[in-house]
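After this come two complexes, each holding chain A, first together with chain B and then together with chain C.
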Partner chain A sequence: MMKSKIGGALAATALATCMAGPATAADDTFKIGVITFLSGQAAESFGVPAWNGGKLLVDMLNEGGKLPAPYDKMGFGGMKIEAVIVDEAGGATKQVQEFRNLVQREEVDAVVGYVSSGDCLAIPPVADELKAFTILYDCGTPRVFEDGSYEYVFRTAAHATMDNVSLARYLKSRSFDVPSFAGLNQDYAWGQDSWADFTGAMKQLYPDAEVKTALFPKFGAGQYGTEISALLREKPALVHSSNWGGDLQGFLIQATARGLHKRAQLALAAGDHVIPQLQDKMPDGIFLGARGVNGLAAHARGGELKELTDTMWDAYEVEYNTFPVQAPFRMWQALFGLKTAVEKAMADNGGTKPTSEELAAAMKGLSWDAPSGRIEMALAGGHQAIQPNAIGTTKWNADAGEMELVDVEYYAARCVNPPEGMKSQDWLAQGFPGAECD
Partner chain B sequence: MRYNLILAAVVAFVVLAAGSVVLPDWAMFLFAMALAKGLVCLGIVGMMRGGVVSFGQGLYYCLGAYTATLVANNFGVSDIFLLTLLSAAVCLLVGMAFGPLLSNYRGIFFAMLSLALSMVLYGSLSKMSFIGGTDGLNIAAPTFLGWAPEGRALQTALYIYVVAIVVIAGTLMRVYFDSERGLITLATRDNELRVEYLGASVRNVMTYNYVFGAVLGGIGGTIAALALGHVDPEFAFWTTSGEFVFVAILAGFLSVPSVFVAAIILELVRSFSNLYFPNTWQLALGIFLLVVIIVLPNGLGSLVKRRKGKAA
Partner chain C sequence: MDLAATILVDGLIYAGWLFIVSVGLTLVFGVLNILNIAHGSLYAIGAYAAASMVGAYFALGGEAFPYGSYVAMILAAVLVALVLGPLLERGLLRFFYGRDEVLNVLVTYAVFLILEDVMKLIWGVNPYFVYEPYTLLGDVEIGPLFYVGYDFAVIAAAIIVGLAVWLTLNRTRVGKVVLAVIHDSEMSQTMGVNVQRIYLGAFMAGTFLAALGGALTAPMISVTPGLGVNVIIVAFAVVIIGGLGSVPGAAIGALMVGISRAASVHLLPEAELFIIYFVMAIVLLFRPEGLFAKTQARKI
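The block that comes next holds the complex of A and B.
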């Protein structure tokens, strides 16, 4: 009995070994593994638009000459970009396994991925163990580099503290009166951390504001009747929410039906990505951020980066018939960063395909332009990016039939991100020491 | 019989351990994870022999993983043997606390109660932001009696460790399945009343099966946590438990090695469907499960039994 089972195991092993040998990427191709949500809760709002944007950019880069300088050179330093896509759904266990498969079986040259904070915490130790150059492109938790330090891991997007500091600053700079506020956030690490960041920032800027209530409905709850009743009864001047995806859509539709947005100001930390779905059902006068100068705020910004932003924006609109929200912006800033790092490493090593070590050395402390603004790897010894942020107010343009962002305030990266060597929570608690705001 | 079993165990160990030489890095990791999960499934198979299925083995898988992680992070213990023993002990205690309660239930009630217990742990861990909440915690690579390997050596050491545990646990469970109590379990599946009339305590047997399942779950969880370097409450989520049940169903309750073969097959199918159909890998996995259930209703183990034409 046991022996034939062993036979089975051997057959499985043989099968696995046979399937294990895909062609190693040649020197004229740069192979990236991309991990993003293609199914589940975070797919529609983050994963799919992010990779739609990524795919578009990879195609444009492979063709060459489609983007303004310094991104007009073909591929990554002349190498054609090849992408292997993996679904992020399935939990951290599966992701660690898939990460190893990408690096050891598919032999990718770099990994770009992860929306979920849990995955972002699980992957870095493995990346360092395998010496695999890895870019975290979306996830928000400050813990990645505040609790650990890694050689081969970089995050090209600012962490989540920025979102809520900007929101609080927006209220202050517009002299918005906040005698009291309440929160409605998803009951998991992201929601709890966002609320902690927001209350921390508000304690500094509005020390007298009273916290009415902090509600934590279940992640993916969909129904917010009870919470909306509680918010209407407590009558806070402002309601903060870091909800995203279907949860945010559900909350907004149900809250506007009951007039919550008329009785309290809604402030959404990551609210832009539901606009394409909600359209005019998104109420006017909502304060919202896009976790960076992304989406509508980037389009409205103009300035030096206008050409780059508009090129990406227009290409995306033509290809997908909707405007790019925050997720494709973060994918773009990751890929532009990777391109800059590859080309910098190649300039240093004489033009050969860079190794992980060379890539990591090139990426450390790097800064580059992205459609979302200037990205600087300024924290965690050059491994964690800071970027400028923007908060605006929604306004439906009935003539054009599209949502606009008005009264947009732009915040310099060093105004809303903690300085090097300081943990986010300490920075909030001490009243933003070292913040450089104009 | 005993002699054959020991011989089979030695052969199994040698063959599996040979994997550390022939397998590429990614496959060795995949096999190690599959075998660790296979241990949890072996516990379910033990209960399945008595006609009950626990939908909550994630409870022990998670408990083992968190015990190891918290002990490692707070007390600086990194020895894999010590961590495994500690997790097994914790799961043994918890299993002994819930075992007598659950042994009164059968069918859907047993499944749902065990599921409820694991979801309580999931919910509690998700709320505890001081140990990472839903984001979970990292755990450093283990040491082996003071030896701290890195890279391929670490993977090999972990793999050999899990192979050794799998062979030992598999052999012990085979001995248990063939023992008096193990055979009573099998008889309970057919007719509980008759077993009681013959003077055996069904409750007692069920408790034993549950406790063994708990310990195996804890060991599986510990190894998985050490191999992954990360734990999160998802370890106790019902989908994780569901996966274990699936492997148990895929394997059937007749053969011990088939449990581990089933676990490896599931991991391989998942990994490759994820690579080749990134948008529809769940569909591919679902079709695979469906085919197996239709073609082999008694699991992989039934293939061997049918050919040999005799019962366990």
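The block that comes next holds the complex of A and C.
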């Protein structure tokens, strides 16, 4: 009898605890919800390395004093950072539900997330509805802020137009002869948009170049034999691809085995993240970008940010036994931006934990330094970032047993991103008006 | 090399792969009357198993005789069949024989979802690579194009697999028993045939063929999660075109899809995704049961 009474009391207590909901984060803790791919095709390329980098940075910030100024202060404005991680796999409908969970049940102070452009388009209206401060850290579609406007949503990475304008400028700056080119891109929004951006930029810089063929194999196709035959037959001077992950790895394995890289110049819009897996199977002489001055290009850059970049780079290498590719760089720039915004808001409000409104006000038009360069919230009324970019050429260093980027060209943010108030496609069609190149 | 020949070669290479991927699916349907959606997962597990086995082979000093990696790939497929075949057939599917086909589709879909997670549990989300077998057989130069010898080895493997399955079914005693079971399992049982054993054998053969498809594909791709999803869709298209349960149908279906897809990539790239379903729609318009659907004997 006594036993059952105790059991009943325990059950009631447990139930009451559940009904009370999760404990509200204390004022000495800043709780972030982080959404990124932990499973599925984008996990290995983007999601997992991004959060590996994020986890590392959160640990370093919570410890305090591990990073050079202005990031040497503990946590976010002295508050300890607590992260709740959610897997992005499962589609936009599921992510909207997860987002509501994070905001309403977990009561996070900010959300940092989304690799998929589909998720980045689905979340902002919900974020504004819930007045939840949200940073889109990775996705590339220009449409988020070109087709919409949001109060509480910010994107701390440049959108994808920059990748292909930089690639086209790289060809031009190296006087690369492009009488013709072809494309092999994944058949969904990312691949279609990337090809449209590249052809738009090429039309301005190489108006006489002929488009030989545009191939759009299915996402996750794996087999590219027929496409490679078509590219070999068409003999374009250059082959453009924005493929990523397993699709890019499969394409490179099959294309190099058949000598495509010897007959055409390969130009990859987002190619750096397959280097740790492919190593010397990735051929020399490929032009590639990393969607920002990320990865090898950041490591090679030096300059004022060298200390910050090297600190993150070395810590990542020690922790994960590989070098950080583009995804952790984008996570770092988001978290450094959030830290800067939190501390700016706290300086304005007398040092208390900022509300979503205060955070949004602080983030609008903000600039801060990240290992990937100076990030400026310069587009979409201060909600969309621009950043510098870099393109380089692969070269295997047999002595060191590692891939290097050589002939790296760095582009200022205002050289390869459209100006405020202008849509990317219009900017490309009008010949990059307002571009500020060195 | 003119365009027609390029399309033919590309089509044959793709068709060879498609046939290996699809023939197990049609065999399992023919014998067990189960549309096995988990076939895609078995393919992916075959790819993972081959990547692991070939990796282990080279780690244990296989460089001295790299061609042994092909044996490792086939052994990987055998291993998958020996472990998963009995586990799934005896442990699960046998409880659903004779039930509604839709229920079987749901059961195998559940197995598909479970196996997707099992793969992540065992192999994680990072990709696996085994390039060595892909480049071992050298290049084949046809006109201005280079092909990899391995591509033609896949065509040879498809022919061997097709002949082996066809000859086993049509020229051996076991095959005759299997055909009897396909025709009327109750009557076969009455005549003393161990139908359970035939079902198990057929499912293990189907599992082996799925895993072999994955194992042969592993060297040319990065083996990553989600591998089986795309495969099962295209495999279904092939066996539906050929007629569910027909091995020659799977061969013809694979050839039709392979060649029409190659023609589309070369001539009309924007139609590449559409062409498979277009071919399927045209075939089903004239032959709703597929090209080689087995004749249903009417029971009294």
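The definition used in the following text is that the second predicted complex is superposed on the first by the 418 of 438 C-alpha atoms of A that agree within 3 Å, B and C clash if a C-alpha of one lies under 4 Å from a C-alpha of the other, contacts with A are read in each partner's own complex, and residues count from 1 in each chain.
Keep in mind that, in the parts below, a contact is a pair of C-beta atoms (placed from the backbone, for glycine too) under 8 Å apart; a residue touches a chain by one contact, two chains touch by 3 or more.
In this text the structure is predicted, and so the values were computed from the model without any measurement.
Touching more residues of chain A than its counterpart among chain B and chain C is B. By the touch criterion stated above, A:L121 is placed in contact with chain B alone, chain C being left untouched.
By the touch criterion defined above, A:L38 lies against chain B and chain C together after alignment on the C-alpha atoms of chain A. Of the two partner chains placed by the overlay, neither chain B nor chain C lies in contact with A:D197. By the document's definition of touching, of the two partners only chain C reaches A:A230; chain B does not. Touch criterion met: A:G148 reaches chain B, while chain C stays clear of it. By the touch criterion stated above, A:R258 is placed in contact with chain C alone, chain B being left untouched. Touch criterion met: A:P217 reaches chain C, while chain B stays clear of it. Shared-chain residue A:G245: touches chain C; no touch with chain B. Within chain A, the residues touched by chain B in the first complex and by chain C in the second are 38-39, 187. Here chain A touches chain B in the complex through residues 1-6, 8-10, 12-13, 15-17, 19-20, 38-39, 84-87, 89-94, 96-98, 100-101, 103-106, 117-118, 121-122, 125-126, 129, 141, 143, 147-148, 187-189, 192, 219, going by the rule given at the top. Those residues of chain A that touch chain C in the shared complex are 38-41, 43-44, 48, 187, 213-218, 220-223, 225-227, 229-230, 232-233, 245-246, 249-250, 253-254, 257-259, 277-278, 281. Contact residues of chain C toward chain A in the complex are 3, 6, 9-11, 13-14, 17, 120, 125-127, 129, 131, 134-135, 139, 144-148, 151, 217, 220-222, 224-227, 229-230, 261-262, 265-266, 269-270, 272-273. By the touch criterion stated above, chain B contacts chain A in their complex at residues 5, 8-9, 11-12, 15-16, 19, 22-27, 29-31, 33, 126-127, 129, 132-138, 140-141, 150-151, 154, 224, 228-230, 232, 234-235, 237, 239-240, 255-258, 260-261, 264-265, 267-268, 270-272, 274-275, 278-279, 281-282, 300, 304-305, 307-308.
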